[in-house]
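Heads up, the next two complexes both have chain A, just with different partners, chain B and then chain C.
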Partner chain A sequence: MSVDLQNPEVVIRERRLGSIVAFSGTGAELVEKSRGQRLECQANRFNQCGDCSGQRAMLPISQIQDTVMINHGPVGCAGDFGLFNWQFRRGLTFRGERPRDIGAISTNLTERDIVYGGAEKLAKTIREAHGRYKPRAIFVASSCASGIIGDDIEEVVNGMELELGIPVVGVYCEGFKSKIWTTGFDAAYHGIVRKLVKGPVEIDKKTVNIMGFTSLKTFDPLLGLLGLKPRYLVHQATLEEIGQMSQALASSHICETLGTYLARALEQEYGVPELRAPPPFGQDWTDQWLRELGRLAGLEEKAEEVIASERKRIEPELNEIREKLAGLRVWTLAGAAFGHNLASIASDLGLKVIGMLAFHHDQTFDNDYEEINSLKNCLGKVGSVNRYAVCNKQPYQLVNLLNEAKPDLVLARHGYLPTVPAKMGIPSYFVPETNQHIGYDGLLFAGRKILKVLRGGNFVKNIASRAKLPYTDWWRNSDPFYFRETSHGL
Partner chain B sequence: MTTFIDRPRWSCALGGALFTLRALRRAVPIIHASPGCGYNVYMAGNAGAGYLGGGYCGGTAWSSSNVGETEIVFGGVERLKEQIKTTLEVVDGDLYVVLSGCMVELIGDDLEAAVADLAGEFKGPKILAVSTPGFADRRGYDLVMSELFRSFCLKGLEKKAEVINFLGLVPGQDVFYKGNLAELKRMAATIGLKANTFFGDFEDLGVLERASEASLNVVLSDYHGQLAAQTFSEVHGTPYLTLPLPVGAIQSREFLKNLGQAVGLSREVPKRAADLEEDRYYDYLERAADIVNDVDLQRYLIVVADSLYAPAATRFFADELGWIPVLTVVTDDLDDQTRKTVSGRFEGFESQLKPLVKFESSAIKTRAHLNQAWPRVGSQRHQDPLSPAVVVGSVFERELAEGFSYPLLSLSYPVTDQVIFQQARAGYEGGLSLASAALSLVVAGR
Partner chain C sequence: MGCEKVIERPRSVCALGGQQTVVGIKGAAPIVHAGPGCAAKIGEALTGQAGFQGPGPLGGPTIASTNLSESEVVFGGEEKLRQTLEGALKVLKADIFVILTGCVPDIVGDDSLALAADFREAGHNVVAVETGGFKGNGYYGHEEVLSALIKQILIPKAGRNKKARPRNKKIPLINVFSSIPYQNPFWRGDLRAIKELGALLGIHVNLLFGPDSGGLAEWLTVPEADLNVVISPWVGLSAAKLLNEAFGTPWLYWPVPPVGAMESSLFLTSLGHSLGLPQKRIRLATNWGEDRAHQYLEAITEFLTESRNGLPQTFHVVADSAYALGLSKFLVNEMGFTQGLTFLTDDPPEHLRAQIAKPFGEFDGPAISPIFESDGGFMDRELDLALKQDNEAVMLASSWEKSLAKEHGAYLVAVSLPIWDRLVINRHYLGYEGGLNLLEDLYQSVLAKVH
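Right after this comes the complex of A and B.
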């Protein structure tokens, strides 16, 4: 589906990508049923809290330099600003810059605002934020409450834009709007592309857009092998970098789930191609990634040279790690496509992927290219995955899935979830920084870290010996998907 | 019109309610809201409250109706009822409390009616409902505790003179709530009282059930716990009084004296207890005398904290360590009456010291207030520079502290730079550990 920049609001993933939050079967079945988007987004009769698409929209727009983010909502929605602050400060140090605090404000909607409307308060907040922080752009994110009471945020931001003479960007992602929290990323990118990306002023065939969560500079040496350089987007980016994303050799991402919408928008609006290769996690995916970049840059031969020499360089240590990890059975636990990246790494390290849990599944990506069908790429590499589950961060299901599969190790991304295997005595390798895991060195990095985790298994053992999970015996013996609303099409 | 807030230092009513229930053993909240509310509150509270963790059934494990667009348009009561029923099947608990988010309140879902409809179907654990929309009130602790006192506590129990309840420390909002309650309970025991804290070690729901045995409720905050104590008094006829959280020996002596007086003990009892405590307390504090006097560890003090800690910490450093309080910013948004009461807490320090006191929720304003308290604060040419100084606040004060190269000691939510277990900041234990933490910062380079 094409990106519609005329509309201030993004189209949610359920409608755009046919995304789903519940599935149980084999990986191959899921690939097959996703063709033509035949799966419906079902609900469960029992739910644990998931993730908030509004929060996911606020994160990227709180991380851009010289801007202020205003959440138009009650104060609780702003609870995570402390975490955003930490991420921003840390990200700046990755760039070699002095850590600074974010500008993040809640309009603090209270009962009176609910009754009389909050638009005036929002305008006042934007004005005051402008005075305090002297930002070069301001973001305004909606909330469930502002959405329901019908505040016309778009009218306010457009008015304030004229008044203040800087971009004021509305980002619309009420928490109830989409069951798929990654819709929030799309909402943030939608606002950014609408108002902050400038048309290209020169041809730049040396820069590659990298959509990620951090500006940790691991793409520099990797792209440097081909004489190319990354532009890390959008966390800790400057407004210049954001403005220039229209001029690039290509766009790539640390995970299709994150970057699909922005990549599509840039391709559609400015002709910047989305790289048609899996992201550079694991050895052969990195090969493919470099090969495709080489093709776009006219450096095919150089790419082959680099691939051969890099493979040779890491081979001795990789073999050592493989030997130590051989036969270990792992389960992945991550937001859709990043789990596929983890599986790719696992397979290159000689681990056996016995099951995967994705927090949702996109039946297509915004650019429906076969080369970026991440699940298909993943299965092509690790072989058939018989236990493939889609579940929206539901520990009660995870407990039963792991209990049945009994993996030796869980590879995870996203907070809290690894606590669940820990309480069951299963160690986890948690990925806090995606960028550390890219390329040939990233593969070795992951291998060393996993070995380290396995040596420290006593913490998990101790915790599990005393931890009490909150589930009834009846549930512990039930089908993890017992509460799925229907079994339609499955 | 209320004002906007730059990086808030508290959560909404739902957040307060969830962390209150997280602290009650085997209490299970059921959130009626969008999918993100529970997770956001958890992420904020876990990190901000010194890594409190999800506990028994928290984190992403909190039961939640996860309403979407369909429920917002057509109503969410049926979804909620289904969620309550399935929660009882899946999650093993002794008490279930339904809480609401903004969106379901705005569309008019009736929680109590939903629970009442199900009442006939279930025997066993109690199911209660508390409206906790984020826009209405941030006192989630008070809303939940009030309902528990109304509907979970047994009525008609005989009052016991020696039993008291402590109210007003909000789990998570007071990052040190666990250690503080343990210390206050221990102190109460030194004058022969048995204190219920509800969230303490080895306390379970049975303690809450029999809370009406208490002859007195002691509220430790001028803001939190007041409503709950009022409800308690209406339902069970139990009187309450506010005794602000004591930090260190001087405040603890006063606390014991006032507590003893309130339950009708002779003056000798708290005096004897305090004397004994101080024997031990000063044996430790005296150790620091050598280094403090050898190397001039006296500091100027900037405090940025909520109303629970701002007066108590300022007074502690001024009265016990002889540090000079320059500016204290009270960060919660308080009604005028409470603001007046909290202002009064800065009067009458034994040291006769008093900082400039400001009520301000936005972190970015602290620097301007500091300029007022100490003109030309950043200037090296100033003949009396504000140096050396220590900032006692939250992690939101890091930029301020780094800007002046002052060390920062986090005390008030959010505290993301410490992992807090049983450490206290209240009472004798808390005073010692606070002095130890603050002086450790000053000698850290040695």
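Right after this comes the complex of A and C.
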């Protein structure tokens, strides 16, 4: 579906990508059923808490230098400002800059605002933000409360834009609007492309847009092999970098779930192609990634040289790691496509992927290119995956899935859930920083870290010896998908 | 209540913060009837960014939620809540379920209380609390949860206005309302310290929350207590009043949480008198506690006298009114510190503010006027000005102040939300040893800068 920049609001993933939040079957079945978007988005009849679009939208727009983010909602919606601040400060150090705090303000909607409307308070807050920070752009993220009471945020931001003379960007991310919380990423990018990306002023065939979560500079040496350089987007980026994303050799991302909306928008509006290769996790995917970049840059031969020499360089240590990890059975636990990246790494490290849990599944991406069919790429890499589960977190389901599969190790990307395997005596490797894991060196990095986790196994044994899982015996013996709308349910 | 100002650098969450009050009760499961991200946001703010306290046995991703979507906004969410509750009863191992509502149902008007009543009628321990985010902050949410538990479980189970069943009165029993689960990162240690203070007097303490409490079974003994003890300038008072109306239980109001030896002894003496305990028993307890704490204090006298010129003399506080009172009184009265800027971040109801502020004027030092403020941006600008004048000060504040501390070379002990640069396990500042802990943390922040 094309990106509609006339509409201030992004189209939610359920409608755009046919995304779903529940599935149980094999990986191959899911690839097959996703063709033509035949699966419907049905949640379980019983759910544990998820995340929301607001969280996912506010993260990227809190990370851009010299801007302020306003959340138009009650103060609880600002509960993760501290986390965003931690990420921003850390990210700036990756760029070699002095750590600074984010600019973030909550309009603190209270009972009175709910009754009389909060538009005026929002305008006041935007002025206040402008006075406090003198920012070069302001973002306004909506909330469930502001959405239901019907505050016309777009009218306010457009008015304030005229008054203040800087971009004021509305980002529409009410939590209740989409069951797929990564719709929030799209909402943030939608606002950014609408108001902050400038048209290209020169041809730049040396820069690659990298949509990711940090500016940790691991793409520099990897792209440097081809004489190219990355533009890390959008976390810790400057407004110049944001403005210039229309001029690039290509766009790529650390995860299709995160980046394909922005990539599609740039391709559609400015002709910057989305790189038609899986992201560079694991050596085979890194090969493909470099090869495709080489093709776009007219450096095919150079790419082949680099691939051969890099593979040779890491081979001795990779073999050592593989020997130590041989035979271990792993389960991946991540938001949709990043789990596929983890599986690719696992496979290259000689681990056997026996099951995967994804928080949702996009039946297509905004650019419906076969080369970026992430799950298909994953199965091509690791072979068949007999247990492929889509659960929007839902640790109660995870417990039963793991209990049945009994993996030796869990590879996880998202917080809080790894405590579940730990309580079951299963060690987990948690990926807090995606960029550390890219390319040939990222593969070795992951291998070393996994070996470290396995050496520390006593802790998990210790925790499991007395840990109690908070589930009834009835549930522990039930089908993990008992509460699917389509099954017997309650 | 509720502040009409905008909030930069927030120190509290919305009313749904009551979720973590429920998580703090052993065997209690929150059911969050709200948008899909509400429970996780509150969890993140009050556990991950609150000293990495951990999600709690029935908290974090375990929390059942209706994860409301567009259709419930349009058609109402009561059916979804019923389904979720039915599922939770089957899946989760819990003794009591507490429904907490978010903005969505509180705006569209779902009747969660009636639904909870239906389930109680059917024999389940189900309570409902309206904690829509716009109704107040996390402290308000905490009080609402207390009130709901009392009104929906304790009163019906005990029989309104009936005398509690007779009990062995030899060992007095008290209920304590003090450090708030999760919103005060040191609650677990603080509550244990209060239990230990009680043990010095030979009394039994219902802590109601945390590892040293007894879950629902303990809550059910609340009406039998001899005394409700509110160790806080305001949070918990409404619960004590409700319990007094329902069960006739008297309450002791102790607005300044006892930090250190002097205050712990004053508190124990007052508590002992309220319970009619023999004077000798009280004195034995306070002598023992003070003597013990002083042995430690004397041990650091060398450090204090010999390095004093390089140590901070002034302290600034950014904390909720309970901790600001407790920590300040200890530092001023026992340690001779000078109180600087004092920001109270818990946004208490207007009519209670004079009463909350009063003790600050009665410390053994120059009287100061605390400022009630929720907007961290405002506070940090004031602190910035103060530190420009004198950077040899220590801030008892949050991790938000870390950048200020760095910029000015001042000292920081993160004692209030949010805390993301410190791990809190069983640390506590209340009780005889609490003061010592505070000194250890305070001077650690000084010594950490030694080259």
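Definition applied: the second predicted complex is superposed on the first by the 486 of 490 C-alpha atoms of A that agree within 3 Å, B and C clash if a C-alpha of one lies under 4 Å from a C-alpha of the other, contacts with A are read in each partner's own complex, and residues count from 1 in each chain.
By our rule, a residue touches a chain if its C-beta (ideal position, glycine included) is under 8 Å from a C-beta of that chain, and two chains touch if they have at least 3 such contacts.
As the structure is a prediction and not an experimental result, all values here were calculated from the model.
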Discussion item. Looking at the superposed three-chain arrangement on chain A, would you call chain B and chain C a clash or a fit?
Written reply: clash
Discussion item. For A:406 in the superposed arrangement: first (chain B), second (chain C), both or neither?
Written reply: neither
Worksheet item: After lining up the shared chain so the two structures overlap, which partner does A:461 touch, if you call chain B first and chain C second: first, second, both or neither?
Response: neither
Worksheet item: Which holds for A:176: it touches chain B only (first), chain C only (second), both, or neither?
Response: both
Worksheet entry | Which superposed partner A:80 touches (first chain B, second chain C, both, neither) | both
Worksheet item: With the two structures laid over each other on chain A, which partner does A:49 touch: chain B (first), chain C (second), both, or neither?
Response: both
Fill in: Doubly contacted chain A residues - partners chain C and chain B
43, 45-55, 73-83, 85-86, 89, 100-101, 104-114, 121, 124-125, 128, 132, 143-145, 148-149, 174-179, 181, 392-393, 395-396, 415-417, 419-420, 468, 470-472, 474-475, 483
Discussion item. Can you tell me which positions in chain C touch chain A when the two form their complex?
Written reply: 2-10, 12-17, 29, 32, 34-46, 48-49, 54-55, 57-58, 60-70, 72-73, 83-84, 86-88, 90-94, 102-104, 107-108, 132-138, 374, 377, 399-400, 403, 418, 420
Item to complete: State the interface residues of chain B toward chain A in the complex, per the touch definition above.
Response: 1-8, 10-15, 28, 31, 34-48, 53-54, 56-57, 59-69, 71-72, 82-83, 86-87, 89-93, 101-103, 106-107, 133-136, 138, 363-364, 395-396, 398-399, 414, 416
Fill in: chain A to chain B touching residues, read off their complex
43, 45-55, 70, 73-83, 85-86, 89, 100-114, 120-121, 124-125, 128, 132-133, 143-145, 148-149, 174-179, 181, 392-396, 415-417, 419-420, 468, 470-472, 474-475, 483
Fill in: Sites on chain A touched by chain C in the complex
43, 45-55, 73-83, 85-86, 89, 99-101, 104-114, 121, 124-125, 128, 132, 143-145, 148-149, 174-179, 181, 392-393, 395-396, 415-417, 419-420, 468, 470-472, 474-475, 483, 490
